[in-house]
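These are the structures, in structure tokens.
Next, two complexes with subunit A in common: one pairs it with subunit B, the other with subunit C.
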Partner chain A sequence: MPSTLNSDVVIVGTGVVGCLIAEQALDAGLSVLMLEAGPRVSRDTIVENYRNLPPTLRNHWNAPYPPKPWAPHLETRTPTEAASYLDLTGPNAKAYEQGYVRYAGGATWHWAGICWRMTPDDLRLKSLYGVGRDWAFSYDVLEPYYARAEHAMGVCGPGDPALQWPPRTARSRPYPMRPIPFGPGEQRLTDVAATLGMQNLPAPQARNSGVSFDGRPPCCGNNNCFPVCPIAAKYDAATALPRIEAKGGRIITNAVAYRVETNAQKKVEAVHYYDPNRTSHSVSGKIFVLACNGIETPKLLLLSADDKNPRGVANSSDQVGRNMMDQPKLIADIEMSEPLWTGVGPVQSSSIMNTSQGDFRREYAGAMFRMENMARSTLGGLAALEKGLYGKALDQEIRRLSACTARLTVEHEPLPLPFNRLTLSDKKDWLGLNRPRIYYDVGDYVRRSAENYTVPLLKKLATALGATDIKISPEFLHSDHIMGGTIMGNDPSDSVVDADCRAHDHDNLFLPGGAAMTTGGSGNSTITMAALALKAADAIVGQLNHA
Partner chain B sequence: MLRVTQTRQAFRLSFLAVLAGPILLCSTASAEDASNIDPGAYIAVTSDCVACHTAPGGKPFAGGLAMKTPLGTMYSTNITPSKIYGIGEYSEADFSRAVRKGIRKDGSNLYPAMPYTAYSYMTDQDIHDLYLYFMKSVQPVERAPPKTALPFPMNIRSSMMFWNILFRNNTTYQPDPSHSAEWNRGAYLAQGPAHCGTCHTPRGFLMQEEASKAFGGGSLGSWYAPNITSDKISGIGNWSQDEIKTYLKSGHIDGLAQAAGGMGEAVEHSFQHLTDADLNALATYLASTQPVRDPADGNLSRFALGRPVSSADRVRGDQPIRSEDNPDISGAELFMGNCASCHNYKAQGSRDGYYPSLWHNSVTGASNPDNLIATILFGVDRHVAGAQAFMPGFGGKKTDAVQLNDQEITKLTKYVFDTYGRPQVSVSPAQVATIRQGGPKSPLLVLSRIGIAGGTIIIALGCFWLLRTFRK
Partner chain C sequence: MTSFRKELKINRRGLLLGMSALATAASFTQSPGLAASNGYIHEPDSIVQFMLVSKLLVPHELDPFVGHKIYNALSDSEEGFDNTVTALQNFIMKNAVVDVEHLMPALTDVALKNSALKIISAWYSGVVHGKSGDRVVAFEEALMFKVTNDVMTIPSYAKSAPNAWNATAVPLLNMPSF
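And then the complex of A and B:
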């Protein structure tokens, strides 16, 4: 039976952005209804899914999250599978194989938890360097929301200003927890990088260090942050779902939003969704929030095209789906003669950030360098087996490869480029909805950076670590930071949302999160998405209380 | 008479209810190291006043801690020297009468949630020091905590008089000259200010502490305060005095026991701050108590059961990759998915002891499943010597990140008992549900109201009969 539901605030998506807004709205006394396309699965099921995977699939982060037919997401076990949902084209299609999950709790299920703030300069690329765009506001406006986001999620980080990022900027509040100490590999990298003028900083991370936070336990170093923290020491939005329900929020899972309906006054009236039986339902409300990530949000807006909104909802600017960004990534797999011992602590726990800033950004992209801190035993074991070894020789080779190999990565800041565009594919999914088609080209800004700057530096760093063999990925890869598709700006003619992530075209529609980001910076996007979510939440609460 | 009996029963049951509350809901307000501070402050720490008389995040001793009981919510009182809202107008005699007799300055009775039956043993000197501490060193807080308003008939405080006549001790601690001074000090602390028996001594028909089974173990709310007598099977008779002392100081001994629930709070707020001499005295006294044997224990001590067994062997290789939860999930899978990431795949815990082994563990070796169920539901959060020992709850609070249902906790608890502890223990979803809601629900309100209604009807009938007789 089709149903008609109603709520003050209707939120599509139960990831970090949707959950933060839901709690803010509930705390302000508003009613909240959330729609989630995928299923709601317990942590122990996902943990056991991961452990039941064959070793060859342990590095496929989506493998423990098999999608429901009605809520497909990218899976990468085979090329055919990889081509079965995201329809990717362009010279760097591979660099947009975004690994989000359509599960209640969203992609934070398997994020690393890293929370680098953007810098004041990152928000002013156009005026400082003549490239990209300027944000609608300065860093000072965003700073209090960064602090609130850090306390909402529980981010641990250094108290020493010399180790904080961005450098030489005031923080309104300290991190709620002290930093997680370096493992031996990270310490070594830090020392070696310093000789090249690269400062490896302890990463602020949404992970409990030494103490509990919000009823979640301290990290005990399972080194399992991808693809799931087995003990919820890392914040993920799934941990917020019981709290949202305890506050009176309603969560409907397996509900695939497919149409946003507007009225003659250009207000959103309803969101329509399919249940797994392909029955359509609708939800009406006062404020609507689309927080389905940087791919699904523009897709839903485009799917909602009708007579009133011929180019799609919120798209009078023709910018919906354009400016798709991620940090194009290169990786260097290295072998050393001496042990480095990664794997103690979280899978990522530090990064080199000072390589992301500077006047060179007039010419080419800044970048973040990092060493993955994953335990290498699975990779080492597979590689040793492939060599056909057995017995004692196999054991020795597994040990050697686990200790004496490492992966260095470099993630380049992207520019918002209108030709990097999400459109509706003519290929359909299980429900008959158009799949997202994305054209992606990392652009000359990034290519110049790789050629002149990052790859030479990556090789220097590897050599300084004592690398005897360096294999650099032949093409750009994805960082899973989906940004730009409903870009923010002050001018409604060339942007989709305003400074509060409110659609220029519809004043009761909010599109917060990565898609709203005007530029991407070099760091991981989640903390900025969370800050924008809290800013939007303030606007939503203000707007409803005012009305 | 019917009314009196019903009311007395009301109180014995409400005692159970209110007893559970404060022990479970004690705040995290901390006391300073008591050894260097004035004697009154030290008595306050020993008596653990702060635990119940401080609301979470509130000012010390300002009261307001909500104690949810099956009979309604009770709030601890403001015992700061505020003249309006606290005990600022109390004379030392008033103070003594409240602490040792359970009677407020205005003459009304305290509920025995305040352990005055134990405090009645306290010496005049300690009461004097405690009074001076509260009057001179505690900051007055000019705010009234919420008022306790239990539903009828529990709101009739005066009926506590009957209970007091029967069960309140009326003399201070009398030293036993056949024992050493150290033993006497331990006995005084255990029976008096530290009020061990309040939780660890089982309760009789009228909820009085059963002297013949002193320290033999008692239920309170969701948790079970185990047998701490010197019995070598059921009690702690095999513990060395050093171990007792270490446990009181830290709440943790590898391969024996870890404090949670009320005991975790007692270690946090009180025992960790006691002097070594007093901890030694307590250990000396506890080693000498009358042994109490629980027949359910057979000949197996709860501290020595179980062994390391891999749970991985039982679950790998026969399960699909799932996109929804398996309603038929086994206890072994629940263990692997929820517990093994910290307690390890053989339940051996961590080498540094932060995560205890689940074999050779007081909780999994017990004959009573309450503490294992309560630990899974409510977790552990114990702050000792500036460090936290923490385990998350798995659904005891609706906000817990991981929510296990009654069936799942039943399977998990049974699996842990079977694999790592005492396999004979049985567990049912109904038990889990009871512990989840804070212990057995009291049928008291209904019973007492029926009783009172019955009494009223009898009286009314009597009046009617008299009236008729008179008219004739």
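And then the complex of A and C:
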């Protein structure tokens, strides 16, 4: 039976952005209804899915999250699977194989938890270096929202200003928890990098450090932040769902939004969704928030094209789906003569950030360097078995390959380039909806950086660590930080949302999160998405109270 | 406790070596004393035999429960797996083989050698590659984790109490006993 529902605030998506806004709205006394395309799955189910994977598939982060037919997301176990949802083209299609989860809780199920703030300079690329765009506001405007996001998600980080990021920038509040200790690998990287002038900082991370926080336990170093933290020591939005319900919020899962309906006054009137039986329902409300990630949000806006919005909803600027960004990543798999010993503590717990800033950004991209801190016993074990070894020689080789190998990564800051574009594919999904088609070219700014700056530095770092063999990925890969598709700006003619993530075209439609980001910086995007969500939440509450 | 465990291991290993060296005519499965010492009472003979062959191929403490699952998976994926295990056992006894380092170079039958490697692989990786796909038979019990368990975490299992780990690197040569 088709149904018609109503709420003050209608939120599409139950990831970190949607959940933060839902709680703010509920706390302000507003009614909230959330739509989630995928299912709601318990943590123990995902952990068991992971443990029952063959070891060769355990580094496919999407593998423990089988999608429902009506809510597909990228799967990578086979090339056929990888091509079955995202329709990717362009010279760097591989670099846009974005991993996200269409489950209640969203992609924070398998994020690393790393929370690097953007820097004041990251928000002024055009003014300072003549590239990219400037944000609609300065860092000072964003800072209080960063602090709120850090406390809302439970971010641990260093108290010593010399170890904080951005450098020499005031913080309005300290981190709510002290930093997580390093294991041997990250300590060694820190010491070695310092000899090259590269400062490996303890990462601010949304992981409970030493104490419980927000009803979640402290991290016990399970070294499995992705694909899933088994104990919820790491923040993920799934942990917010029961709280949202306890505050009166309603969450409808397996509800695939497929059309945003506007009226003659350019206001959004309803969101229409399909249930798994392909029955259509609608939800009306006062404010609508699309927070279904940087791919699904522009896709939904384009799917909603009609006579009133011929290029799609919120798209008078023709910028919806353009400027798709991520940090193009290169990896170096290295073998060393001495043990490094990763696999102690979280899977990521530090990064080199000072390589992301500087005047060179006039010419080429800044970048973040880091080391994967995952236990490498599985990789070492499988590689040694592949050699046909047995007995003592097998044990020795597993131990050597586990301890004396590492993966270094470099993630480049992207520029918002309008030709990197999401459109609707002529290929359809299970519900008959167009799949997202994305053209992606990392651009010369990133290519010049790799050639002149980051790859030489990566080799230097590897050599300083004692590498006897260095294998660098032959092409750019994805970092799973989806940004740009509904870009923010002050000018409605070349941007989609304003400084509060409100659509220029429809004043009761908000598009917060990664898609709104004007530039990407070099660090992980989630904390900026969360800060933008809180800023949008303030605007939503203010707008409804004013009304 | 540690010395007691070591003594136990030596006794078990000594027993196996002794039997092998003497090339006793009696099969392992007909030795109730040995079966009892390994906790295999009431197990089918085929599994007892598999565990004894496994103990020579993989010179570590082996979990009989995992062994049971590996045996079942290999039996399903390889035709005549019982015969293969019997052939390995016969070869070990006939040639008085004392350990896997001596066994593998001596195994000139390629099929038999590959089967031995499959058994080793299953114990270490926790997976059996079958005709109808991979069958996971162990996660935390997979021996590849034991080799580095003095430092590295078994992913998804707690490393320690909250924040109780540190940056101490241990020598590569300090192989854990397992």
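Definition applied: the second predicted complex is superposed on the first by the 547 of 547 C-alpha atoms of A that agree within 3 Å, B and C clash if a C-alpha of one lies under 4 Å from a C-alpha of the other, contacts with A are read in each partner's own complex, and residues count from 1 in each chain.
Please note the rule applied: contacts are C-beta pairs under 8 Å (C-beta built on N, C-alpha and C of every residue); 3 or more make two chains touch, one makes a residue touch a chain.
None of the values given here were measured: they were computed from a predicted structure.
Look at A:S284: by the touch rule set out above, it reaches neither subunit B nor subunit C. Judged by the touch definition given at the top, the superposed model places A:T169 against neither subunit B nor subunit C.
When the two structures are aligned on the shared chain, A:R51 is found in touch with subunit B and with subunit C. In the superposed pair of complexes, A:T378 makes contact with subunit C only, with no contact to subunit B. Contacts of A:S473 after superposition on the shared chain: neither subunit B nor subunit C is touched. Of the two partner chains, both subunit B and subunit C are touched by A:P230.
Between subunit B and subunit C, more residues of subunit A are touched by C.
In the superposition on chain A, contact of A:V211 is made with both subunit B and subunit C. In the superposition on chain A, contact of A:Q543 is made with neither subunit B nor subunit C. Of the two partner chains, subunit B is the only one touched by A:V41; subunit C is not. On subunit A, the surface patch touched by subunit B in one complex and by subunit C in the other comprises residues 47, 51-53, 210-211, 217-218, 220, 222, 224, 230-231.
Those residues of subunit C whose C-beta lies close enough to touch subunit A in the complex are 57, 59, 99-101, 104, 116-117, 120-121, 124-127, 134, 136, 139-140, 142-145, 147-148, 151-172, 175. Listing the residues of subunit B that touch subunit A in their complex gives 312, 315-317, 319-326, 329, 333-334, 336-338, 341-342, 350, 354-355, 379, 381, 388, 390-393, 397-403. Subunit A contributes residues 47, 50-56, 58, 180-184, 186-188, 208-211, 217-224, 228, 230-231, 338-345, 374-378, 380-382, 384-385, 388, 390-396, 398-400, 402-404 to its touches with subunit C in the complex. Looking at the complex, you find that subunit A touches subunit B at residues 39, 41-45, 47-49, 51-53, 63-68, 210-212, 214-218, 220, 222, 224, 230-232, 238-239, 242-243, 245-246.
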